[in-house]
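Two complexes come next, and they have one chain in common, chain A, joined by chain B in the first and chain C in the second.
Let's turn to the complex of A and B:
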């Protein structure tokens, strides 16, 4: 199976509005809405991405811009492509150039997805406690590798009884 | 400190400053935006994204020169924290130069202890920097990795 994030030319208005709607609603409204089936991670990611695109210019004490909307939108679509419903909510942190990084750290294993731009992601899985460098791959459209990484991490998450969905 | 080399428009040119010795220590301030909670409940961590160059053309990773902070009589905690910053990590200069980075002096109007680490920053190097970082001003309940 090939897991693809959307390319820039097919990022349609519906997806854009959906991201804005989810981000704008806030976690509380999303999680209490009647019939809502939104995974926990999705609401948390939307809320965090919304905060990152609203960072002040110079949030780093120098001249860093906020995360760009295009990168945030792409990251959200990427997460929808690679995360199952029970995936743990990723951490998302800003870069200094409008870029961002999606991260999980679970049981000594770290996954970092550095979104440099839409369809330009450097993905790494490894451990900061280990001597070896881990696995690094550059991704454009095919996110099958990281879908597998997140699936394996989600299995650990579920085995530990942490998943709520 | 001797003035750094500058371009005709006054910008500091990436350089290895002769007065920044290999056994000197440089400080990288940490923004709260680069802290995250590990999903396994093991606590709060510093993201590797804290160890990147700035977005400015020719920009490096901002640092402060510990020797200069001490020489000028600043209290390091007062000098380094506040505003966007909640903690600070330290690097010894020699390993940075071994990673093909240049470590130079880049005084600012509001920070005469400011320097830069210049070079090719990529994801492999940002992880190497994360591994090499040690606390200068520890953030309570936060782990370096």
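Let's turn to the complex of A and C:
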């Protein structure tokens, strides 16, 4: 795994990158810059995804391919849109068609994201113990709803951690 | 149908453009392997007779939820990797970049070559043909649809400094509305912002990335400020027509943002005519 500046062009310059500025704009984000260490969940997810794209063909004993390179990258970028630094690391399991599933389970709550392809995700939150069927949404690239779900799960996780500390 | 410049788009006679890249990312065709790269080069070789090898770019997707970093991307290691090929024109001002899931067309200034930026309309016309050739090749090879999942357009502008370290703040103040450095003695500068945008139905589908950085011109001691504007996102459908429509929208967004964040004083230097 490498973390790199992404560029599809050759701007032909040497960057100085010595310090950063803030300006009073109504913009989405002001960068914290390159070189930051990854949160725990990011490092764990990257390691797991690397393992899944290296699976042998037929890893399931039949003919399942490894998780596709595009699906793994999409899943990682999806998680960056969902998880705060303190989010618990999800379990990531391969599907039988190059797809994958991202899962959290804590305090009776379950969140599942089935990444069928880039920009094609089925998200579900519920409890296997509950009588209702939970919430299910089909998502493309906007994960605001799931960000809220995981944020609530993270708060629960942190509150329990404080209570037992 | 040829691309037509929107009437209301800001226009400059001498824009500080150094490089423009337009591109698409698509689902790779499983049947394609690097040993077939010569067949891809054959599609473009008449106009792009030189070839260079670069490291492949990782797949990139704009997703929405928590604010995203503008500069960090992860490159998962998946074993053997394909090169990214540069197919270059004879004067090396234009190039096609190809890897199994990407096609880009770049124009850039080259030292010693006297020619103006060919303008977006000409570039997109060429690029439409180039994607069509690639899509036809992959459809024949893989017997499946060619599906584009991201589009990207980048404009890189070089703004010269006056020659001294002290000029960074002064030139930035003269050039950019979004930065006020008048109370500081600035040695160098690195500014980034993102803006996300929605379609008429309120659905998020793309993001504009803006960076302003201090830099040196490579191979020279000239200090410059680099203004880089990129629009990236998912086309409405995976078709070529939809991708071209996204890139046309992205170009308008880049040019409008360029005009909005820069000063009238700078516009006079660049010969703003509209």
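Just so it is clear, the second predicted complex is superposed on the first by the 125 of 165 C-alpha atoms of A that agree within 3 Å, B and C clash if a C-alpha of one lies under 4 Å from a C-alpha of the other, contacts with A are read in each partner's own complex, and residues count from 1 in each chain.
Basically, a residue touches a chain if its C-beta (ideal position, glycine included) is under 8 Å from a C-beta of that chain, and two chains touch if they have at least 3 such contacts.
No experiment lies behind these values; they were computed from the predicted model shown.
By the touch criterion stated above, A:129 is placed in contact with chain B alone, chain C being left untouched.
In the overlay built on the shared chain, the residue A:102 is in contact with neither chain B nor chain C. Once the two complexes are overlaid on the shared chain, A:113 sits clear of chain B and of chain C alike.
Touch criterion met: A:60 reaches chain B, while chain C stays clear of it. Put chain B and chain C next to each other and count what each touches on chain A; the higher total goes to C.
Of the two partner chains placed around the shared chain by superposition, neither chain B nor chain C is touched by A:43. Interface residues of chain C, counted against chain A in their complex, comprise 18-19, 21, 23, 27-28, 57-79, 97, 101-102, 104, 106, 108, 149, 152, 154, 156, 158, 178-181, 187-196, 203-205, 207, 213-218, 224, 226, 228, 233-234.
Per the touch definition, chain A reaches chain B in the complex via residues 55, 59-65, 88-91, 93-98, 100-101, 103-107, 112, 114, 122, 124, 126, 128-129, 133, 136, 157, 160, 162. Taken in their complex, chain A has these residues touching chain C: 1-21, 23, 25, 27-34, 36, 42, 46, 49-50, 53-54, 69-70, 72-74, 76-78, 80-84, 117-119, 140-144, 146-147.
By the touch criterion stated above, chain B contacts chain A in their complex at residues 29, 31, 33-34, 36-42, 45, 47-49, 52-56, 62, 83-85, 123-124, 127, 130-131, 145.
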